[in-house]
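Have a look at the structure that comes next, please.
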Amino acid sequence: MRKYSVAVLGATGMVGQKFIQILSNHEWFDIKSLVASEKRVGKFYGEEVEWKVSANVPEKVRDIEMLPMDPKKVDADIVFSALPSDTARKVEADFASEGFVVASNASAFRMEKDVPLMIPEVNPEHLGLIEVQKKNRNWDGFIVTNPNCTTIILVLSLKPLMDLGLKRVIVSSMQALSGAGYPGVPSLAIMDNVLPFIKGEEEKVEEEPLKLLGKFNGSEVEYADLTVSASCHRVPVIDGHLEAVWAEFSRDVEVDEVIDAFNSLKPLDLPTSPEKVIIVRKESDRPQPRLDRDEGDGMSITVGRVRKDSSNAIKYLVLGHNTVRGAAGASILNAELMIKEKLI
Amino acid sequence: MRKYSVAVLGATGMVGQKFIQILSNHEWFDIKSLVASEKRVGKFYGEEVEWKVSANVPEKVRDIEMLPMDPKKVDADIVFSALPSDTARKVEADFASEGFVVASNASAFRMEKDVPLMIPEVNPEHLGLIEVQKKNRNWDGFIVTNPNCTTIILVLSLKPLMDLGLKRVIVSSMQALSGAGYPGVPSLAIMDNVLPFIKGEEEKVEEEPLKLLGKFNGSEVEYADLTVSASCHRVPVIDGHLEAVWAEFSRDVEVDEVIDAFNSLKPLDLPTSPEKVIIVRKESDRPQPRLDRDEGDGMSITVGRVRKDSSNAIKYLVLGHNTVRGAAGASILNAELMIKEKLI
Amino acid sequence: MRKYSVAVLGATGMVGQKFIQILSNHEWFDIKSLVASEKRVGKFYGEEVEWKVSANVPEKVRDIEMLPMDPKKVDADIVFSALPSDTARKVEADFASEGFVVASNASAFRMEKDVPLMIPEVNPEHLGLIEVQKKNRNWDGFIVTNPNCTTIILVLSLKPLMDLGLKRVIVSSMQALSGAGYPGVPSLAIMDNVLPFIKGEEEKVEEEPLKLLGKFNGSEVEYADLTVSASCHRVPVIDGHLEAVWAEFSRDVEVDEVIDAFNSLKPLDLPTSPEKVIIVRKESDRPQPRLDRDEGDGMSITVGRVRKDSSNAIKYLVLGHNTVRGAAGASILNAELMIKEKLI
Amino acid sequence: MRKYSVAVLGATGMVGQKFIQILSNHEWFDIKSLVASEKRVGKFYGEEVEWKVSANVPEKVRDIEMLPMDPKKVDADIVFSALPSDTARKVEADFASEGFVVASNASAFRMEKDVPLMIPEVNPEHLGLIEVQKKNRNWDGFIVTNPNCTTIILVLSLKPLMDLGLKRVIVSSMQALSGAGYPGVPSLAIMDNVLPFIKGEEEKVEEEPLKLLGKFNGSEVEYADLTVSASCHRVPVIDGHLEAVWAEFSRDVEVDEVIDAFNSLKPLDLPTSPEKVIIVRKESDRPQPRLDRDEGDGMSITVGRVRKDSSNAIKYLVLGHNTVRGAAGASILNAELMIKEKLI
């Protein structure tokens, strides 16, 4: 199989580094271009980046000269975006209008009516929006987005519960530091502490699931009939978002049904897809961020403590790797799906 | 005013140390007896204790010889109990039947029908159970208990919401390490991690509020008409339990009403009572365990991020010091109330 | 006694906050002016500062309007400086030349020949340099500095060893996060980690002690005949620098002599002076940052594990509070000494 | 090549788990027997162990029934020992006298005159002691030990410096929590703290290097002419010991010579041997435990900040993975060397 050349926008940030780490060993992709902010243009990646995600910058990207955020200067089959949301709004549109396929982790376009917000195992049929988008915007390329990290982990666990009559979700998150980027959270702010607020997070966790779990009717997505209420908190953990979920159904549900549903979510036949999408732990004290975040190379989520609340409600915990399944790995899996579906 | 002599049962554990720390500077109480497990009897407290709560064992208890758990060997006006629950069941009963007033932090007797489960600002009238208890059990003394640490902090915030029509509470806790005692949680278990399970905790947080917020009818407590669902988690924080609360009411409620209600909970005129019982923070990122746990010398709780959810629901965060307001300070405040009410 | 009015330069940073926290309850000083960078001028302190050192900004400074770094706009008997070193070089000179007494924690002037580098218990006679400085520079006011935080803690322990023939010191530090200011060290950089480098620190720890322990001959300080070699490291601790010291002497020394020497360092009769300057612990596992940093309200240092190495060498650990004894408290103690010596 | 069957003594502890983790994927070794304390005998490993070193107990050991510490009940070509020192003294001798080859991480026999204390890259010729040992003790088998974790990491860096005239070493360690086993260090003891004492550690770090760097003369090891002074400290880091080294030589040495010497230490041609034994970092802020501990799958050590002190002295930092290179990996590398040398 031929390899696809890829570019990474926002290559020096935490999510950018995670993209590069995963893409460096990817069987389908070849990193060709690294795009960064103005002041870094022309410099070598290995000399500029404050590499944080492992001991060493991967050999093959060290000597790549960084490019500006200008589609005319970039050559690639796929563009992965790790841009901050405000920058993404302009830059991603520039690339898409110039004919690039943009797989974005930014929030800028997620809730636009004609932009797919995707988790391959959850709503692959939403890729149908690409045609709508290209027509609407008169673009040669297009943008496909993945959700917020906390949303992805949550929705992967909610998807199999939809058929059981899921109506209402109340979720309380304990989120990792890497979700705030680098330098991100000051150590003096978080040591021996919890921060009870993450700007913009609860809104995303409450809204994005309705689109993700909605139905594509050929021209747009009809939002799911579901209520999500979120309280989001930052804890002193490096990687791995843990979420305490209370789920209410339209009918009485049993723990066994819920576990069967979790186990029924099938992995896709894609390089970054894990062997098991949802790992269900039976121990009373799992999932734990440090022990479970790397399952499926960070692409599995782990569920545990599934227990009955009142007759129509179930409680459980769900954990996933926020910068892999929740960010870089999510965009990459989206790109893989598009290749398989011959959209690239 | 004359001072009351007090004994501490379970004096060497974390809660025992906290009792001693607070009692060492107490205007009403004088530490007379320290009671410990068999192997420590006869030894000096200062030489035996692995003191963890400050730099030095308070001068005045260093040379106290520890006594056995035998009421005949102990002399005190009030007995504070920091015993583990299984030991408490026998030992506290022994002391009460021998005529001692036992103010207990243990869970052993909390849910007994004739034992007051008390938070002075919440349900002082439940002290009426003392007469019932003495009669029932034919004891000269009696036992008064305080709730679980997570419960106390939660219920202090729920009490003023009862009049607004509170019906259902879903709470997710982020609890401190000191709640597990010493040695307690191994560092290798909790560094860069969250533990999603605390044995027996959720049951206590779901049941105890119903008794606390219930009505004493002269002979027993009628439980409150309320549902509490809890998910309890341990985070890498030394002191201070943070709880994310979702509260549903029988009618539409507004944020301002809720804040007014919080501010309406009055402190008592007792030595350990804080100036403000509930501190309401307006900042978006409070309460935080490290910044807010010591408010009111650890006896205030702090509430923040009060926000509207759906029409009938409110979300907020509440924080309190788990070993002060949530344990030793709670028992001491109970004792102070009993003195004021001339029950001692 | 009348109160002295004081100003704080650099009032919003971590050390500035610590100055304000200590000065808010000081019997001799009254905070009159808070000086900050251009963008904060005219704003209220309580609204601008990202207060990190306790739950609340002290009442009495909340409504102080911040002033620019211009001596003509400031009125105070004493100016405390918490400025970064590069800013300090110009601003402190401006204030001194305008007649202000500047008690500075910045490194800018520390090693200047005519500027006292002071620890009141160590080298009070170096205040004689003030006259030299005023003459040299033709200033109406003057600057007095305190050393780097790691230096202060180390040198307080070295001072009493000089008479035993101290010749060489090798020190390895484990320094707290607050030493790097706010936001300072990113949490992702230090969680589950140690940073083996602190810019400029080792040079200061190797040079400043020679001046501090030197002899003022009436016109200048003759440096002490001593070698200090330092390796400085940042550890995940909020406050409190711990230092492992290896000290070599010109003759055989015994542990008892060293402990006697530590105990012989006398406190001064000043408000911020602790009851004991050096606390010597006998336990095998002390000093510890969290347990011992607040001794003497952060102004005592604690020494432990004094043990014999080879015949002429001794090893020990020393700990102190880096932002109190090592920074704000140090400048304040210097100012108190100057008042007592009638230099202000 | 045929596989060697191996047993692990003390299989459920932290080092035992690390043995099993490495051995599970080892090309030469096959885990056959797991030996544990009396109360676990007969139980399945997967059900008994409190597995801490990764998400899951390796499949192939889950159903192994644990055996007692009796050589007659165990069958294996090589016995790896992760026993605590006091138990090791009897049990390892039992196994060796019954004809087993014991590769031990315990300290019990390390300093015995006829027992090799080994680091394959440092003193392979000390294996000559095996013959002496078998003769002396009339054993069919024999014991080979590896040093203390802090010693191994230090001595790997000292070995190449011996030819430059190394005379004196002063080392200050910042050691990881995993070195204390499980449950080991309580979280309440180490959060926001450093523990300045590790029982027995400094003695080992001061004595073992003299044997390791000594000369085998055919019948015994003549200790190296070197002085090591150590101060050992526990920091809140999961894995990876960091050591600040001050090294004095008999002559003037330059930084470049030292770096060349580090680079000259050659890896062995053995399965567990890393590609590079010593990685020299040029950045000012390396090595760091979290970033560098896994280099060479935990078998490389990383050196950094090599800098000149006085004319005859050099300072540097060295880091290694304490439970891999410093424990389980060390024993396994010893066993591999013995196989290559046809001693097994």
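Order of writing sets the labels: A, B, C and D. Residues in every chain begin at 1.
Methods note: contacts are C-beta pairs under 8 Å (C-beta built on N, C-alpha and C of every residue); 3 or more make two chains touch, one makes a residue touch a chain.
What you are looking at is a predicted structure, and each value in this text was computed from that prediction instead of being measured.
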Open item on the list: Moving step by step between touching chains, how few steps can get you from chain B to chain D?
Closed with: 1
Open item on the list: Per the definition at the top, count C-beta pairs in contact and tell me whether A-D or C-D has more.
Closed with: C-D
Open item on the list: As a quick test, compute the distance in whole Å between the mean CA positions of chain C and chain D.
Closed with: 42
Task: Separation of mean Cα positions, chain C and chain A [Å, integer] - done: 47
Open item on the list: Quick check: what residues of chain A touch more than one other chain, meaning two or more?
Closed with: 191-192, 236, 238, 291
- [ ] Note which residues of chain C are touching chain A in the complex, please.
- [x] 14, 52, 177-178, 182-192, 236, 238
Task: Contact set on chain B toward chain C in their complex - done: 54-55, 191-192, 291-292, 294-295
Open item on the list: Under the definition above, what is the set of chain C residues touching chain D in their complex?
Closed with: 170, 172, 174, 191-197, 199, 227, 229, 231, 233, 235-238, 242, 244, 246, 284-291, 304-305, 309-310, 313, 315, 317
